[in-house]
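Chain IDs A, B, C, D and E follow the sequence of writing; residue 1 opens each chain.
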Amino acid sequence: MIATLFFVLLAVAVMGGYFLGRRRAAASAGGDIRALHSLLNYHGWNVALATGMTGLGVLLIGSFASSFIGLPPEVVYAVAALAAAAAFFLSFQRISRDFRARNAVESMVMGLLIVASSIAILTTVGIVMSMLLETGRFFAQYEWTEFFFGTTWSPNFRGDSDLGILPLLWGTLYISLIALAVAVPIGLFAAIYLSEYASRRVRSVAKPLIEVLAGIPTIVYGLFALITVGPMLRDYFAQPLGLGDSSSSVMTAGLVMGIMLIPFVSSLSDDIINAVPQAMRDGSLGLGATPSETIRSVIIPAALPGIVGAILLAASRAIGETMIVVLGAGAAATLSMNPFEAMTTVTVKIVSQLTGDTDFASPETLVAFALGITLFVLTLGLNVLALYIVRKYREQYE
Amino acid sequence: MTDAAMPLAGPAPAKSLHQPDARTRKRNAAERRFRLYGMAAVSAGLVALVVLLTSILSQGLPAFQQTYIEAEIYLDPAILDPNGTRDPEEISKVLTFSYKPMIEDSLTSVAERLQGQGASELTPAMLAGMISGAANAQLRDYVLANPEEIGQTVEFEFLTNARIDQYMKGKVTRESAALDSKVDVAQLNAADALVEGGAMETRFNWDFITAPDASENRPEAAGLGVALLGSLYMMLIVLFLALPIGVAASIYLEEFAKKNVWTDIIEVNISNLAAVPSIVFGILGLAIFINWMHLPNSAPIVGGLVLTLMTLPTIIIATRASLKAVPPSIRDAALGVGASKMQAVFHHVLPLAAPGILTGTIIGLAQALGETAPLLLIGMVAFVRDYPDAPPGGLFEPATGLPVQVYNFTQRADPAFVERASGAIIVLLVFLVVMNLIAIILRRRFERRW
Amino acid sequence: QSRDQIQVAGSSTVLPYASIVAEAFGENFDFPTPVVESGGSSAGLKKFCEGVGLNTIDIANASRKIREKEVAACAENGVTEIIEVRIGYDGIVFASQIDGPAFTEFTPDQWYKAMAAEVPVDGKMVANPAKTWADVDASLPAVEIQAFIPGTKHGTREVFEEKVLLAGCEESGALEAIQATGLDEKAAEKACMAVRTDGASVDIDGDYTETLARIDANPNGVGVFGLAFYENNTDKLKVATMGGVAPSTETIASGEYPVSRPLFFYVKKAHLAEVPGLKEFASFFVSDAVAGPNGPLANYGLVSDPELADTQAMIADEKSM
Amino acid sequence: MYDTNEAKTAVQNDVKFHCSDVQVYYGESHAIKDVSIELLDNTVTAFIGPSGCGKSTFLRCLNRMNDTIDICRVEGKIDLDGEDIYDSRVDPVQLRARVGMVFQKPNPFPKSIYDNVAYGPRIHGLTKNKAELDEVVESSLRKAAIWNEVKDRLHAPGTGLSGGQQQRLCIARAIATAPEVLLMDEPCSALDPIATAQVEELIDELRESYSVVIVTHSMQQAARVSQKTAFFHLGVMVEYDETTKIFTNPSDQRTQDYITGRFG
Amino acid sequence: MYDTNEAKTAVQNDVKFHCSDVQVYYGESHAIKDVSIELLDNTVTAFIGPSGCGKSTFLRCLNRMNDTIDICRVEGKIDLDGEDIYDSRVDPVQLRARVGMVFQKPNPFPKSIYDNVAYGPRIHGLTKNKAELDEVVESSLRKAAIWNEVKDRLHAPGTGLSGGQQQRLCIARAIATAPEVLLMDEPCSALDPIATAQVEELIDELRESYSVVIVTHSMQQAARVSQKTAFFHLGVMVEYDETTKIFTNPSDQRTQDYITGRFG
């Protein structure tokens, strides 16, 4: 109730601030708004933003503080409302002909931008914090060397489990590689075709259609892998080649996951390729290059950072995917080179250990957190590498 | 300078434009191949889509149909109001379980009639068994609302039990029924007779879209209402938080932040967040939003926040890439006429980067809409029957989401849930397309070459 | 902060039963329908043990008994008084495609011989040589061994290992033979329960529907899953006897059928006074009309607890563990 | 030898820009070395010198456009009306509003022609209403000698213009904001003689109230429009003097060589 | 009035391009109207005319670069050595290899200077090995009068060059492919007189074996380097004749007005 009141009041103050700010600025200019340092809008925005940001900011800080010192919510709301009112009047008072409202607004917006980017950092901190404690508990109960260098993964209910991460890591790597081997060429060629060859009509239809692939729930892919692709691969490849007769396999999961990842590569790359200035294409075509030569040697290099970003995103999804792996690749943690054998990934085991039936204080459950942190660190390394590569090969046009 | 080495020494002998030379032919062949790969890639994507959609549609469309049966029920005072007081308090003490025998009794005559129409082994209990378990509740609600009708015979329309419904849709056959412990061939015969008599029909089922979930015993009554609302609430939160925050963060990182180790760390960090398995975001949400901030369990607000955090990296990565792709001369031009950097970005760079931003949003939202794992830990993978209120209050009330419903349906034992799972996927995809339609249209308008 | 509805979390095995009860509870009482989360016994208990207060859940479903360590962790967070409610039993059956090979009778020792990673041969442990069921026992069909057993996350797996593999190991005398190779008892038992990883046995990390789908796609496959799943799919599956006993609610309730496990839910006593309807829900859950042999739970596949009356009394008295 | 306009430089004008010891580096490479120069108000100053000698670079220092190039580093002191423009308190935005710029490569916004020109007045709030804005747009386009060509297609995209039209559009865009100083990097390079003459006329007109700095490769143009000329060579400002003096009697041999075309 | 080089036009050369009734439309607007012209081999042809009159547009027709502009539509017939270049059998790639182009706005690839120049020879397989390629790159850069400036930074990005340097880089890039016809859209607009002279020398040299078409706004330049001149006005080719003739005794009044600067 009080919350609703607060937000309604704040909204009114923000909107009112905008109009009053404009009014006052116009008045201070004495009729000729050109005399103002900043546009009327900025004066309005200045009051509005100052009020809104102060109100919300104090509210946030207040509720944060009250989670430690236990203030009643009424007090927090009251303080926030007062602060917002103060900000309103202060910012309103400051309006004058020479007041640099634009700069003020821009610094506030900049503040917002910084807050927005720090959310990513806070998320990371949150993730690490929420997993670190439990990871610590895990390593108190389980030898770290066995975890990192163990080659068997077989948790069991009576304790005394083997929880070596290596087979899981291997599975993760293998499945992701296959998925990327499917998604990257198809996605990239699709992006190229759509942005460079296809007519506008084809493009405007095909692109959103392919994007639907990203929206199909993964369980559908999983069942597709389980029911259709798995048996097919087994009957037509694995068995004739003598590579085993498991219908769940790395290959199944990888292929199906690859299909899901196509739009990640194609749509994002397509936008970036499309953004390469026409002058680059003209330059190359004018030298007698074919469109494909132009694409290969001029456009792709120029679009590289975006393309790498898209591929990384796809890889990230591959690493984080569970349902397709569970249904497509099985749940066996094996260290094998055979792509037609069942394997599993770190993420799958995070989910299954976390949602399983083992005692929640036992290493069998806690290992999920250790797996999470390890994966986090590993992907971090991967991303550093990617950043380095992009920096090295980046070609900035103009 | 040797003539051979120097191309400027003289032009190659003129060749006909109409007859490409060997090298050009080779290059053109390469060009055609390249183009073909592109077409093949696009077709591969489309074929995969068609295959998946076909299987979803063929399995899921029947879920939008449901079989109903008409029956006259004698509202027996002996059961409903044993004391004869007509006191609502008293009537409400009669549990739904007691309504079942009443239905059975009411149907005795119908059963006898049907025995003569080919369903010779039909017992009244079997006939009552053809009616959904939800009928009990339906009757009870009716009686509580109209206590004065007790003692009357009232005509009702009930859902049929899932097996009968599946029979009408051709999934249950006489052969399978013979083996099936949950249905009897006699019931199928009765169903045929009822259909002929006009007391049973299969028609479009809005309830599948609007009704709440139902328990495992009643696949026929399970709907997506709560899940739709939950997904809608969560997507609103994601859209209104992830898009502005993602774009703002990208703008700061790409346009304003000094390029130094710090921003490198943030950059790597964000792409790394994209690789964090979604369930870990659930762990985070549980720790931060529920255990620390004391937001309620199973609430769309928490789901929305968690999905926002999960979607952010996707939007940021896409946005940054497209900001990077805007040529610097555009920024120069704006700065040159005295625009501030902020103005240059918001007035010129952002509109040019819009297609990429929208793509990021489309893909990010698609991902967020289809995600179950993070919701698992914050209590949204649940059985929820009560609709949440309208926002803002409703954001804090329990709800599920469409993918959760899909997941739940696929976990259930009764085979009738299979079509409902696919039906839920169809609804989800329609939701996705509707949600992204604006983005798709906008993106098309912003796309330009320069 | 107030909250209207009861919050339940935990086992996905108990979920169907809990949601049947929740639905009926919502229909019959003036309280809102309880919210039943799934997510696994462990995750549910963990949430349960997070603390006392309205932002924590009221009931945890579990397909196993709460462990000592968990009780301790609970107590640490102030959750000291816990009411343990056993709602019945979950039977675990061995089923295959209805038109598939004749898997109709199994014994634990056959399963042990088929599933063991290593078996003792002449005083040495060697990798399990059995390729077909006929290799295990000539009376079984001569088809490739392809078993779909619950993954290591499932409580069912524990039951399977102990009540089938270990029992079969002992029965067949393999346990002794293993001990004869020089292992101590504990290690020998562990060896008995180690499942082969060469593909003959497939762990199912998903749920029983996955097992069902795999059997569907694999005529020779034998799946291990809950009775309720079988009962809802009798037209597609045929079930095998175990040690000569056919699984049914009666044989399981009487203890004749060896492979079953009890199902529980745990109630936070401190919440009984705070959350409207909590006590009513708990009593309703185990009432005869619901959990009795003719109630909707049994109808769905729960093996009703012969000692249900004790449980009802316990809830009435709010007797904690 | 060239036809210069001596009369106009008779009065000594105020100093607008005072630059001392300016150094510019692109990463390691030292592009501008020790340039010290005073640019006067109400004066057209021409920067001449061989391609790649640093004219654009120096020009971009004057309104801090170099800030946008990551690897570019500026040292030394540049004062505008006595205030150091590289001071940390200086808002480069305000600076650029006062010191406008026409870039060497025409860079219209991918917007309509009208919006291209109206952009500056809009963000600086120079007009009270739409009618005034229309007027500013029209007069700017007229001054930049492009009005006749675009008046029927004001809402067509600016990027769909010919090279020379784009260049004039950019000039119109720059003067629409009415800056105190206008930096023009080869504003007539893509223009035909008539358009060039019109732009030169514009420059001459602007001089009445503003200070103009123009980079040009055409000695004739420098001689025609400027009162002061600076000759750059390999990043060094070799000579800076009255245009008349530079073109008739340069004091440095390199200048002499350059203007007589004996260079290189 | 202008200083032209009559001697060189003495022999009558073969026709290289034969254009008749060429029309170009940008969407609705008719940018080139009824242009018929014969461009000769071993000849430098200059296109002159006011900005926006359609010079670039027509130039781009000659190697079908207009194909890349969606809204652009070309009608009429353009023959290269007797073959219609808009014929459906014609491969624009082969055409463009034979008819090279230097664009009005310098557009170096975001690659190293070396790779920019080596690009054409590489795709056309003009060199046998790295050493040969090096040689081609060097000689092209030398001819474009930029070698000295970039020889120490061949592997620096081409986009980090000054405007004039980029322009010369693009010239080097175009001649490295050794086309039969070279279309140059204001190749010297950003160049100082000395560099301009060097490029003009190059053009003169190229004429020995190729046909060159150059768009220029400088009458002097047209007069210096070309043997034939075409004057465009408002999309119409008003006059096409010997350069000497155009600059001394044009037959059309508009030409007369334009070259004497009385236009507009």
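The rule we apply is simple: contacts are C-beta pairs under 8 Å (C-beta built on N, C-alpha and C of every residue); 3 or more make two chains touch, one makes a residue touch a chain.
Remember, predicted model here, so these are calculated numbers, not experimental data.
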| item | value |
| --- | --- |
| Chain labels contacting subunit A and also subunit E | B, D |
| Other chains in touch with both subunit B and subunit C | A |
| Maximum centroid distance from subunit E, chain identifier (CA atoms) | C |
| Per Cα centroids, the chain farthest from subunit D | C |
| Two chains sharing the most C-beta contacts | A-B |
| Core chain by centroid distance, with centroids computed from Cα atoms only | A |
| Distance from the mean Cα position of subunit C to that of subunit A, given in whole angstrom | 37 |
| Distance between chain centroids, defined by C-alpha means - subunit A, subunit B (Å) | 21 |
| Interchain centroid distance [CA atoms averaged], subunit C/subunit E, Å | 82 |
| Interchain centroid distance [CA atoms averaged], subunit D/subunit E, Å | 28 |
| Shared-contact residues (touching 2 or more other chains) in subunit B | 27-28, 31, 286, 328-329, 340, 352, 376-377, 410, 450 |
| Subunit C residues counted as touching two or more neighbouring chains | 12, 39, 43 |
| Interface hub residues of subunit E, defined as touching at least two other chains | 93-95, 97-98, 105, 123-124, 177, 179 |
| Those chain pairs that satisfy the touch definition | A-B, A-C, A-D, A-E, B-C, B-D, B-E, D-E |
| Complex interface listing, subunit C residues touching subunit A | 11-12, 39-43, 45-46, 49, 62-64, 67, 69-70, 72-73, 144, 151-155, 157-158, 161, 190, 193-194, 197, 199, 202-206, 210, 213-214, 216-218 |
| Subunit B to subunit E touching residues, read off their complex | 1, 5-12, 14-18, 20-21, 23-24, 27-28, 31 |
| Subunit B residues touching subunit D - in the complex, by the definition given at the top | 259, 328-341, 343, 347-348, 352, 448, 450 |
| Subunit D contact footprint on subunit E (complex, rising order) | 26, 29, 48-52, 54, 56-57, 104-106, 149, 160-165, 167-168, 185-186, 189-198, 217, 219, 258, 261, 263-264 |
| Residues of subunit D that touch subunit A when the two form their complex | 91, 93, 123-128 |
